[in-house]
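Supplied in structure tokens, the structure appears directly below.
Should a chain be cited, it is by its letter among A, B, C and D, assigned in written order, with residues numbered from 1 in that chain.
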Amino acid sequence: MKTECGSSCSTARFEVDSPSTMTGNGIALLYEITHALERYAESGEATAIDLQRVPLSDQESDWMAGMLGKGEINATLHSMGRTTIEETGTSGVWRIAHYDESEVLLGAFIEVTNCPELLCTPAEDIREGAERLKRRLKEISEEVKQ
Amino acid sequence: MSKDDSLVDVLQRSGVSRRGFLKFCALTASAMALSPAMVPRIAAALEQARRPSVIWMSFQECTGCTESLTRSHSATIENLIFNAISLDYHHTLQAASGEAAEAAREAAMEENWGKYLLVVDGSIPVGNPGFSTIAGISNKDMLLETARGAAAIVAVGTCSAYGGLPHAAPNPTGAVSVADLVTDKPIVNVPGCPPIPVVISGVLTHYLTFGEIPELDELGRPMAFYGQNIHDRCYRRPFYERGQFAETFDDEGAKKGWCLFKLGCKGPVTYNACATVKWNQGTSFPIESGHGCLGCSEPDFWDMGGFYEALSTPLPGFNEAIAYGTAAGAVAGLASGVLASRVKKRAKDQHQTVSVDDLEKGESS
Amino acid sequence: MTSAEFLMFARGPMIQVAGFVFALGLLVRLVEILMLGRSENLAEKRGSGFQGGLRTIISRFFPADQNTFKRSAVTVVAGYVFHVGLFFIIFFLTPHIALFKHLVGFSWPALSTPIIDFLTVLALIAMVVLLWRRLTHPLLKFLSTGEDFIAWTVTFLPLLTGYMSYHHLLLPYNWLLGFHIASVALFLVVFPFTKLMHTFTFFLARWYIGSMAGEKGVRQ
Amino acid sequence: MTHATLERGINALREQIDAPVAAFFNSCVNCGICAEACLFYTESGNPVYTPIHKLEPMRRLWEQEYTLVGRIRKMLGLSKAITDEELREWEELVYDGCSLCGRCSMVCPVGNDITYMLRKMREGMAASGNAPEGLIGATTRAVKLGSPMGVKVVALQAQAKHVKNDTGLEIPFDKEGADYMVLLSSMEIINYPEYLAAIARILDQAGKSWTVSTEAFEATNAGIQIGVSDIARELVSRVVAAAEKLKVKTIVSPECGHAYTAIRWEGPNLIGRPFAFKVRHIVEVLDELRKEGLLKTEGLEEDHLTFHDPCQLVRRGGVVDQPRNLLKMVSQNFSEMEDCGQMNWCCGAGGGVSANERADELRSKAFLRKKSQLDKLNVDTIVTACANCRIQLEEGLEEHEMEIPVVGLTEMIADHLVVKEQSEGGT
């Protein structure tokens, strides 16, 4: 996973071996995720982590992505720009990245839950969906009658 | 767009779905540096939020703060926010000029008396009112007048927050900060030279969302953005811990990205969100591009010793003090030594030979 | 006064005045000692006073006698930990080296911060032990004067504030760094007027005893 | 006639303070380690015997008169002047509670020579009339009668006669141009006459010429112990005059610690010029003879031996190996005491303590340190090279009903000399 924007990045790259570019935040984050998973399994309490609040080096981000692995689900939400929602290889750990219409990364989060809220359909939308469908069916039956 | 529209109304008109609103709330929380756990509260607050009137005034400044804000990177989110406020008066951005501009300010003030948000960038000269005037009104008078009807004031940039560059010694214009003149209104300082755009928008969003100013530190800065110093959040911190420092800007250490403490980085005493939020669409921040932090969000950063002198060095004058002390000490020591030698010599001169008959004490007197 | 103003004041006028007083007092006391002079030794020499002096300056860094060491073990061990710790903290922490470089124009390699941090904890503990000894041990209680406690306090404060600054304990860093510098200023001002002077005069003391012993052929 | 006054005492202290004293006082941090090396503290447990504390009046005088800060403090009334009462109170610490043994000076971490300062402190004490009666008596006898114990030359001549009877050797009195001028301590003449015989036999075997001056045979110097340089100078001058008159090459200090310090190290400084002759302790002389092969011994002591190092030899004189070299020649069962050599514990009687009757109780308490050292060793005989130590050891052992004989090293060597064959006699 890359929290930094892709090609527009001009971050200075250093010719250093990986351990020395570790801020130490990556490993701390993995511990935090582990604890969040345990908490979720026990009490069902979900956790979200704002990755922009945690300074990570590029190498460290890559390393973390490797540690979490690749999962089975990969969804894209289209609203006010693109949002990608994917489960990592560590079940229950989700990565969510928000972009705007010009594909600029606006925010990146880790969520520990069985299903991120963004994937679930809002209750009002379901009601509205039912209303709309009902309305459509009514229109069709009226058309048939005519 | 009516002034009574809520933000949600604005969003819905822009065709934003409920999932989109959730996304917006998550990003708003992030922009305000609040925990993602706050998202439901933000969503609830935003549904109630009304568009406040904003008056933006610029005094002794360089327009860098406005530049910073207008180059704020996200087309969508900040736009939405600014669509949701009513920017009724902005020295730099408004189309109106002259009397029409002043009329707009007065109208906005009258219409929203007691409710509008006043944003100020630039310091205020109190030396001579003629140093900086707008429409013939001195900066000080205009600030005091406008502040009277404001609900809260946001001082954007180090100049309005702490006096900034105009305040630097010897401060020829007698520049002061907003808080030096206005003491009866809630003031949020958003220092930085310039401040980080998303911090400016984050603070405005906070006010817009919750209708109150965020939690502040002792220097009037929002804790959410200025709660931690650059040094603690710096990705080069491990090099500091290991004692690996760049000695010059072009040595091996500099190339390897080692800590810039010795090159004068003021990260340890600078509280700002640069290391996490970063600049230029989240690309990097000064340390990441190889230059030490100047401490621009701190009061008097211009006078904190050389930008390229390590933080632990004293301000100019210490070496001289030591030199004068040494010289004075040598003289005083010699004088004291001469005095002591005299005492000793006199004792020798007064010496009476002690014989065995002198060992018993004489009659006590 | 804001934390930034305080920090500036500490880094500026406060430390300047302290540096002036320190240098003045130090010079006065050293010149005072040297000007008292001493009479030439006319006895037939059995060894070199020069070598003896140098040797003793070094040898007194180590306990002369195992049994005396055992009898005053707490003082000696805590004293070592504190002094060695203080030496490395003062001269091998990067920010301190930067200060010395500013003063003398050259620098030397630093120790990594966690090591200094560890030494600081040890030194703080050792100093507390030494204070506790002074307050409870009959001999030290008898010997101690107000000056001993003043010297302890002004030495302890920079260590404590330095440690707190590094770990951002209790207060914002600016305040802590300001207090750290202020406590060093206090230390510098008090230094020449108390027994803290031993930091410099022990070289002279060892030199004198060592050269006298050296001339007699006594090994020290 | 003049007498001791506080002002004279303070004046004497003013004269004594020099750069080393100032450096030492500047450096003391009240760590208390000197106390742990002082047998008067370790055996009594009383902190007043802390070595550096014994110098407190002198330290204050230094501060008040030789430092800028002290002058200011005095002006502000922050430091009180030295009084007679204070010095009287200190008398017991400075004389009874210190044998000038020098252990404290060895362990001080900042390198303070406390012993050096205490010797100076006594100048002020004596000049202000705060010296113990016993020491004043001994000093008076030394000056007026020529010996602190009142031994006169006739007594020495009587001993010489005994030596002649026992060994057939003549004691050469007042012989000009001799290699060695032998000094004696009164204690040896009165308590250990064997010493004189031993010297005579050893030097005779070595074929060295030697002499004893009838004008200056006493080696001990009460002036140093009481701390009056004027008197010490007079006593040293007598010896120097005799040595110069007889044109001897070397003065031999007897088995006495402080006598050695007095003549060897303080002597030239007291008279203000270097000696034209050498000064050696008898143990040094014996070791030199051994090296030259002039000391021939036979047979080894059967007894389990140990050696008590006299403080003034090891710590203040640098004579450590010599007695051991000599003991090796005549012993087969030798054990070192704990802390032997430079850190050996004082017997408790040095520095004038033995001449000060008032200190008897403290002195016998201080001896407990030596007793515990000896208890660990279980030896048959103690060898030493100082008559003063020897008396203290004998008295202390008797008090504790320990039957261990104490022998002088010179006598022990003499006992093992290869007996000269008749034919070789008379070189």
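In the analysis below, a contact is a pair of C-beta atoms (placed from the backbone, for glycine too) under 8 Å apart; a residue touches a chain by one contact, two chains touch by 3 or more.
Everything numeric here is computed off the predicted structure, so don't read it as measured data.
J.: Would you mind telling me which chain pair, A-B or B-C, is linked by more contacting C-beta pairs?
T.: Looking at A-B and B-C side by side, B-C shows more C-beta contacts.
J.: Taking the mean of all protein CA atoms as the centre, name the chain whose own CA mean is closest to it.
T.: Answer for the innermost chain: C.
J.: Once you find the CA centre of chain A and the CA centre of chain B, what distance in Å lies between them?
T.: Comparing mean C-alpha positions, chain B is 34 Å from chain A.
J.: On a C-alpha centroid basis, what's the spacing between chain B and chain C, in Å?
T.: 38
J.: With centres defined as the mean C-alpha position, give me the chain A-chain C separation in Å.
T.: 57
J.: Which integer distance in Å separates the CA centroid of chain A from that of chain D?
T.: 91
J.: Among the residues of chain C, which ones contact at least 2 other chains?
T.: 25, 28-29, 32, 34-36
J.: Which chain B residues sit where two or more other chains touch them?
T.: In chain B, the residues touching two or more other chains are 332-333, 336, 340, 344.
J.: Can you list the residues of chain A that touch 2 or more other chains?
T.: none
J.: Show which residues of chain B lie in contact with chain A when the two form their complex.
T.: 16-20, 22-24, 26-27, 29-30, 33, 35-37, 39, 73-77, 233-235, 237-239, 255-257, 275-277, 281-284, 288-290
J.: Please output the residues of chain D touching chain B within their complex, sorted ascending.
T.: These residues of chain D touch chain B: 1-5, 8, 11-12, 14-15, 17, 65-68, 71, 84, 126-131, 136, 139-140, 143-144, 226, 228, 230-231.
J.: Please output the residues of chain C touching chain D within their complex, sorted ascending.
T.: Checking each residue of chain C against chain D gives 25, 28-29, 32-39, 41-44, 46-47, 56-57, 60, 63-65, 67-68, 71-72, 75-76, 79, 137-145, 148, 151, 192-193, 195, 197-198, 201-202, 204-210, 212-213, 216-220.
J.: Please give the residue numbers of chain B that touch chain D in the complex, ascending.
T.: Contacts found on chain B: 332-333, 336, 339-340, 343-344, 347-348, 350-362, 364.
J.: Residues of chain B touching chain C in their complex?
T.: Contacts found on chain B: 217-219, 229, 231-232, 240-243, 245, 261-262, 268-269, 271, 298-300, 303-305, 309-315, 317-326, 328-330, 332-334, 336-338, 340-341, 344.
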